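Take a look at the structures listed below.
Both of the next two complexes hold subunit A, though its partner changes from subunit B to subunit C.
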Partner chain A sequence: MNKYFGVFKTSFKQEKDTLFDTVMRAITFFIIMYIFLQLWGYIYGENGTSQVINGYSLPQMIWYLTIGELITFTAKHSQITRAISKEIISGSIAYKLNKPYNYYLYNITTFMAKSCFALIFMLPVAVLIGGVFVGFPSTFVVAQILPCIISILLSHLLNWCLFAIVGLLGFWCQDASPFDWIVSKFLMLLGMFFPIEFFPSWLQPAIRYSPIYSIMSGPASLVANFSWELFGQVILSQIVWIVILILIGLGLYNIGKRKVVSNGG
Partner chain B sequence: MAVRSNIAFIFKNLKLNLQKQAQYKTAFVMQIVMMILNNLTFIIQWIIVFSITKSIGGYGFREVILLWAISAGAYGVAHLFFEGAFHIDEVIYEGKLDVYLTQPKNVLISLCSSESRASAIGDILYVFIALLIIKATWWWFLAIIPVCLVGGILYTAIVVCFQNIAFYVKRGGAVANVVDSAITMFSNYPPVIFNFVAKLILFTVIPAGFIVFVPAQYLFLGFNIWWLLGTIGVTILITILAFLLFKLGLRRYNSGNLMGGRL
Partner chain C sequence: MKVIEVNNLSKEFITKKRITKPNGKKALFKKEKIIKKAVDDISFSVEEGEALAFIGPNGAGKSTTIKMLTGILYPTSGSIKVLGLNPSKERVKLSYQIGTVFGQKEQLWVHLSAYDNFKFFGSIYDIKKEELKKRIDNLAHIFEIESFMYQPVKSLSLGQRMKCEMVASLLHNPKMLFFDEPTIGLDPIAKETLRKLIKKINKELGTTILFTSHDVGDIEEVCKRVIIINNGKIVLDDSMRNLKYHHLNKKIVEVNLKKSVKLEEKEGITILKAKDTLYKIEVDMNKTSMEELMSLFNADDLQDITISSTPLEDIIKNIYRGKDE
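Entry: the complex of A and B
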């Protein structure tokens, strides 16, 4: 465990070099949120600003989208997929096979450090956007800050576990990025854009018991509509999915690494 | 004559780029198919939005999908023909421009057309799929071709203008990436939702409004020849500006003394 902590610390320090890029990403994040603010402001405005749509008021909706976008921005999934795919295709993964760590867990730790660094800058931007433009949700209590941060961090961890698996698919196909697109689009469509309540009732259970809920809808609705009961549900689903995905990832890596020989190393 | 020669050169580069990528057949086809699916997912997003509200300032499902079709087409053209334009900062930063400087063709055209993104074919195919979904009239299928070509050139030119910052600032490409994201994001939403300041930016500093909003509003949904001619004028102006800025920036370029060649 200590070695992964060491990897985390080193990767976190390395991220200082990307400070400028992180600031630029924060600006892009702001632009996207500005568009969403305008869009949803218009939709709620046309139907009366005090209106509640599917249980969400305008501030709740904006907070939901802000957290969803925050997770998308600080956990840039395509990076891990591309990094793993590139190493598999080039054969440079062979250099990491003899290292005293598990390649799958190493990647998750490295990218988790990147996320934590980005969160330091993006989280205040998110709070600023939500707080300044629509104010805090009516359900907001100070005590929810820590549980929400824990849930957001777990959502990042789960995100990396999932997309590292997508990257490992590179062992079987030359380029795993098309799978990355599909999985990320499911996350966006069924998680980031809309709360679970916006989907048909027959689809809601499928989303609720999928990683999409644990990565996106869960933490976002927790911030928008906090309750301790919801917190318990979200955390439980996140922990269960983290365990399941790590087991799948480790299994997949053990099978896939045998194919490295055919690449020549 | 020079224009014709450059166009032939761009197409030759495109052919070579695609042949190179088609070596990995599965990945090549998958990228195209997945991009179409990727774009189709956004249609579901709008179905959900329009289940909440009937229209957004007069823009219904049909009009919004038209915006997405034009946007995807311009994006597809830019990334298919001029993918290199989106990596100018990397080439400058790594001192790899020498390869292009020694070629007997225009440096910027050579650099921009040196790469093609296979998935952009998916974007271009999606344009026609989107038009089929909204049951567009026959002339929309024809009219959208020049619209996407002009939009793609304008989009590339705007990105090149901002990529030139990399000649002066170490991580200047990051600014261009923000502008690139802003163009694609703003173009996909009905213009009526934006306030005056946002619209002003979209028609001046980042003239993304000309790529999607003008052709949608003044060719497909209504007609105004002056706005359309204005779009062509803006495209020519920004393209000239991109060439001028690149030429100016080249004076600041330091070679990395890197031996390289293009295969």
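Entry: the complex of A and C
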């Protein structure tokens, strides 16, 4: 594991070069969240703090949305797809295959280093938006901070596992971005914008047992409406989906790597 | 001891193209397979400590062969043994024993310093901290990179980067080094330095070297044996000495005289082109000398002169033609 710790450290160090970009993303994140704050404030009306919609008060709704946006902003899933499919299509994946590491683990590690770097800047912004503008949810306890961070990190890992599969389609097609678009829109519409309770009852089980719940709805509702029982449910679904998606990804990778084409010097 | 054994190795790349109907229009879905044989049934072996040049024109199949030898690409057929291992099945095990430098592909993290990169390579090759420090110091001294190895890689010149690439590929003490066009894009001084260093690695560390390049100078300086590949097939497998004697003996001399003169061909001197006061002459150094050529015209009439070796592509074409005949 020392090897991957070295990869994590190097990747984290390299991210320091993107400091300006990350700060700009944090500012954009703040602006977008401020707009949503105004929108939901209008929907909840003047008695926003006492009003409850589908079990969510205004602070809970804003915290849900903030965490959903935070995951989207820091995981940068389109970059996962683009990086992997580009490596496959251009053949540059070949140059990573002659090193003594597992290509899959190497990419997970570099991605997690990037995510952790981005979270260091984005998380305080998220806390600022939620804490200062609407206050903490009524269910908030200090003890939930660590479980919530664990769940957000697992959500990042899941993001990688899901979008790496989309990227691996590059072995069979010339452009994986349409698939990335479809999957990311599902995540956004069925996970990031609204909690699962806002959807028709017939649709809720489909979302609950899909990766959308483990990536978006689960960690976001955990922050907005924390309970140890919910934590157990979310973590379990995240671990199950991580195992499933890694197995699918490794299967696709092992089939696809025989198709690597890399011409020229 | 043989460190590389290649038998009947072939690699095919398959692409698909929409078929053209009899009316000249392209079919919407129906595609035909186009098979391109990048490497076609080649066999060779390399002894331990040897410096072998693997040369050929663009698209000849040399990089594809190197990629199969390092386990990056899977062969379509044939067998490969590198250091007793099958590269496609024991890729990770093999990667601990070989090093690669690709002139057209950086393996360093450009935003970080070369030193940080070396630490990264140290961790992926499981080298202990104290040992890594010793090796970095030693290689930094050999390659003379001490003055710039703490600067970000992106701020280094191409020659400096290539030196750092070579150090990175040597940190784990590989038994074999694969160089794929390492001098591409370098200026003559940087090329010369790099060639000397490669030679040094081969001589002093006893590392087996497999080298691909388009540059005749690279091969002349570094390697004792040459394999020429063209259209995926081995055209020639011979010592550098033989290749030099038979094929690198011809020089192309371009002269510009003050006035037009009638030059007469002699043994070993062939006039390729004569236009006004410009002459292009081929000189076979095995049969004649430059002095002999200079005696064909008055030295006071000479305005300009350029001497160059026959391009590698032409040599390969000649060898290939010779084989056909």
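Here is the rule we use: the second predicted complex is superposed on the first by the 256 of 265 C-alpha atoms of A that agree within 3 Å, B and C clash if a C-alpha of one lies under 4 Å from a C-alpha of the other, contacts with A are read in each partner's own complex, and residues count from 1 in each chain.
Going forward, a contact is a pair of C-beta atoms (placed from the backbone, for glycine too) under 8 Å apart; a residue touches a chain by one contact, two chains touch by 3 or more.
Just so we're clear, the structure is a prediction, and the values are computed from it rather than from any experiment.
By the touch criterion defined above, A:51 reaches neither subunit B nor subunit C.
In the superposition on chain A, contact of A:98 is made with subunit C only, not with subunit B. Ranked by how many residues of subunit A each touches, subunit B and subunit C are led by B.
Applying the stated contact rule after C-alpha superposition, one finds that A:227 touches neither subunit B nor subunit C. Contact with neither subunit B nor subunit C is seen for A:254 once the two complexes are overlaid on the shared chain. By the touch criterion stated above, A:193 is placed in contact with subunit B alone, subunit C being left untouched.
Within the superposed three-chain model, A:90 lies out of touch with both subunit B and subunit C [touch as defined at top]. Within the complex formed with subunit C, the subunit A residues making contact are 2-3, 5-7, 9-10, 13-14, 16-17, 92, 94-95, 97-101, 258, 260-265.
For subunit A in complex with subunit B, the residues that touch the partner chain are 20-21, 24, 27-28, 31-32, 34-35, 38-39, 41-43, 46-47, 53-54, 173-175, 177-179, 181-182, 185-186, 188-189, 193-194, 198-199. By the touch rule above, subunit C contacts subunit A in their complex via residues 13, 38, 58-59, 62-64, 67, 70-74, 91-92, 95-96, 98, 100, 102-105, 107, 109, 111-112, 116-117, 119-120, 122-126, 180-181, 184, 212.
Those residues of subunit B that touch subunit A in the complex are listed here as 24, 26-27, 30-31, 33-35, 37-38, 41-42, 44-45, 48-49, 52-53, 56-57, 171, 174-175, 177-178, 181-182, 185-186, 189, 192-195, 198.
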